[in-house]
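The chains carry the letters A, B and C, assigned in the order they are written, with residues numbered from 1 in each.
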Amino acid sequence: MVLQFIVNGICAGALFGLAALGLSLIYNTTKVFHFAHGAVYTSAAYLLFFFLTKTSMGVIPGAIISLTLAMLLGVLIDQVFYLPLAEKSAGGTAAILTSLGLYTVAINIIALLFGNETKILRPGIEKTFEYGSIIVTRIQVMQVVAFLVLLLLTALLLKFSRYGQLIRAVSDNGKLAEALGLETKKARIVAFAYGSGLAAVAACLSALDVGLDPYIGMPVTLIAAVAMIFGGIRIFAAAAIGGVIIGVIQNLVVWQTSSKWQAAVTFVILLVVLIFRPQGLLTPKKRLEES
Amino acid sequence: MLELNNINKHFGGIKAVDDVSLYFTEGKISALIGPNGAGKTTVFNIISGFIRPDSGEILFKNKTIAGLPAWKIAGAGLGRMFQDNRVFGKLTCLENVLLAKKGNPGENPLGAFFSPGKVRDFEAGNITDAKKWLDFVGLSGKAEIQADNLSYGQQKLLAFARLMADGRELLLLDEPTAGVNPAMIGQVLALIKKIVKEAGKTVIIIEHNMSVILEIADFVYFMDDGRVETFGAPKDVLADERVREAYTGL
Amino acid sequence: MNYILHILIMIEIYLILGLSLNLLMGYGGLFSLAQAAFYGVGAYISALMMINLGMNFFFTLPFAILGCMLLALIVALPSLRLKGDYFMLATLSFQTLVFTILYNWIPVTRGPYGIPGIPSPVLFGFKIGEVWQFFLLGLVFTAAAVYIFKKLYHSPYGRALKAIRDDELLAVSLGKNTTQFKVTAFVISGGIAALAGALFAAYVSYIDPTSFTLDESIFIVTIIVVGGTGNLKGPIIGAFIILIIPEILRFLHIPDTMAPNIRQIIYGALIVLMMRLRPQGILGDYKFE
């Protein structure tokens, strides 16, 4: 019985992990806390909704176009809003406030255009697979597959591709990278594009699974933030794994109590991590010295 | 006045401070010199309490201060001037100096409310003293000017006024003449000498400018690679082989 | 007339909230997304004591304020060790946790059903039930808040907070126990927010958790971002502007279904514009870093 909850947790956590991986790439490369990640997430879901319901497009082409547009949106947000702030060296707080403002504007535009109610993309019963006493839907399987494939792809790209190495250099020490003449501006674009793409994949899968409403973005972003910190901000893969773990923990809490305390769990985890192990589970303890 | 015994500190794999013992006499100007990366600022940070030493003891006026929080160490009578000369840019010169005085009852929110008379009296005295110190360092008439609007050299003078404003007996000055235009260096050095002679302070400076060392230091420690290599009177230390070697090319 | 008074009462409430957050964000430089939590807890403590214990509104105030101060202390102590983004996330977590508890702890707070029938305040046998009477009560509260914060902002305490905000290391080297300063700012800020909460609860006579969400915290932040931080007049003008905007929309005959979304779009856009063009807010002194 508990196994079903764990499996559900892994499938849900797969999406959290994707969103968290995207957020982690963005945060590490630019040090901006990108609340508007939720806006990109929600936009991707609604773009898919638009293409599937208002045009005769199939799921795959609809998803691909939604993905591309979401990636463009992410890059646009950075270039138009965050980059000018970074150049004026107005740092963290101004960017976070801007991000919150953008998020609010974006989801309310979506609400105006599409309405506040929940929409379902695929009415009808989803195909399921059974393994012993465990039942998973086709979408759930796709979520896990997408997660594993993208995680592997990201790891490989980070390690071997030129842009991956650029991102790792900028993440590690942005000022040094800039001084060395590395293309830090390009790193931002790649990080936002790829990170937004990951969020878009998660959004589309989630929309196909449980439907969408204009307010899905913030909870996902917050869980992504918790996953990122929980796993260890500096290690990209940690955010992804953190997402899965949070998904599992959330579902175990549902199994033990009821779904209403689900959200609280995420934030209790965050608080415990922030207070006792702010460097995250997977990062070795470093001594923080003031200078 | 200040004694460091067998201080050790490493960061990761690097030994920044290696078994350092230093002794600073009251009322004298001592200098810490050495090439970049020798560990001098780290020693200052350890004394100030911003960094905790791995081992060793620090005695200030015969009381242990190692391990105390930095604000307490400052409160015990230790003043610090930073390498990048920090001032509260958005506050006026007067406010900068007013902040330095300890024990202001108005800094406690309850005090601000329930003892307005006490606060007013304290602030009146505070303002008089602050203006006195601004005059002492040569910044008369600049009280209401925002610190950001001063020249770099004037900001250094402001930092001195701030250090004076609260009976701090020991002053750690990290490169006090760095970035000051040559015409003003004389003013800064005269001020340091004045501080020691007239106000009875003990001063420790980190300096790269050898002529400054020769002009004002009573005693010099030379550090390299985290260790104290030699020490003594300025003339003798500066004549030392190792010191000359370290500074050729500077 | 009642319409105008109603708006003024809401301005009074949000002015108190803005001034309290200003101490924390504008003077202390601490970005907090938890202000709605204190607003809400203050409202709930006052309302529950009036309904369950039959207490007089004015006697519930010390409990609401002290309760929120205690909560603020509990939030502040672990959170203030964290830097920048992490501190903000910690406040966000507390905000969400407080909301979740208000929403789910049904035996005590009645959760989503809310608390209806909150009685009108009674002062020496005189019932404060009319709108103009609430306006006057609110005026007293607001005047008190302005007085308190004016004193604090202009005191050596306020000066020290600004110094710590601008260069904490330097402040430490001058002997300031910076953590203690930040904790007291948090505690005072949370306590005064409770005052606004109690006033709100008594005025609207029905509260539920949906008035005290993360969105509400963001709304309070919007007030000081737009109006200005780091001085007294910023939050005041901010409260006026932010609360007048929905009324302007009403005059433009925006349909009721669209109005809430359009209002949010305006608020969000204002934050983005302010950060870009005038980070210190309209009348403020402190630019967000």
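Here is the rule we go by: a residue touches a chain if its C-beta (ideal position, glycine included) is under 8 Å from a C-beta of that chain, and two chains touch if they have at least 3 such contacts.
Remember, it's a predicted structure, so these values are computed and weren't measured experimentally.
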item: Most remote chain, CA-based centroid, reference being chain A; value: B
item: Middle chain, criterion being Cα centroid separation; value: C
item: Computed distance of Cα centres, chain C from chain B, in Å; value: 42
item: Interchain centroid distance [CA atoms averaged], chain A/chain B, Å; value: 48
item: Distance between the centres, which are taken as Cα means, of chain C and chain A, whole angstrom; value: 31
item: Contacts with 2+ other chains: residues of chain A; value: 290
item: Per-residue overlap in chain B, given as positions that touch at least 2 other chains; value: 50, 70
item: Multi-partner residues of chain C (each touching 2 or more other chains); value: 169
item: Complex contacts: residues of chain C adjacent to chain A; value: 31, 78-79, 81-82, 84-86, 88-90, 92-94, 96-97, 100-101, 103-104, 169, 214, 218, 221, 225, 258, 261-262, 264-265, 267-272, 275-276, 279, 287-289
item: Interfacial residue positions of chain B with respect to chain C in the complex; value: 48, 50, 69-72, 74-75, 79-80, 82, 86-91, 95, 98-100, 102, 104, 106-109, 111-113, 119, 123, 162, 166
item: Sites on chain A touched by chain C in the complex; value: 33, 81, 84-85, 90-98, 100-105, 108-109, 111-112, 116, 218, 222, 225, 229, 260-261, 263-264, 267-268, 270-271, 274-275, 278, 290
item: Residues on chain C engaged by chain B in the complex (per definition of touch); value: 148, 151-152, 155-157, 159-160, 162-163, 166-167, 169-178, 181, 184, 188, 285-286
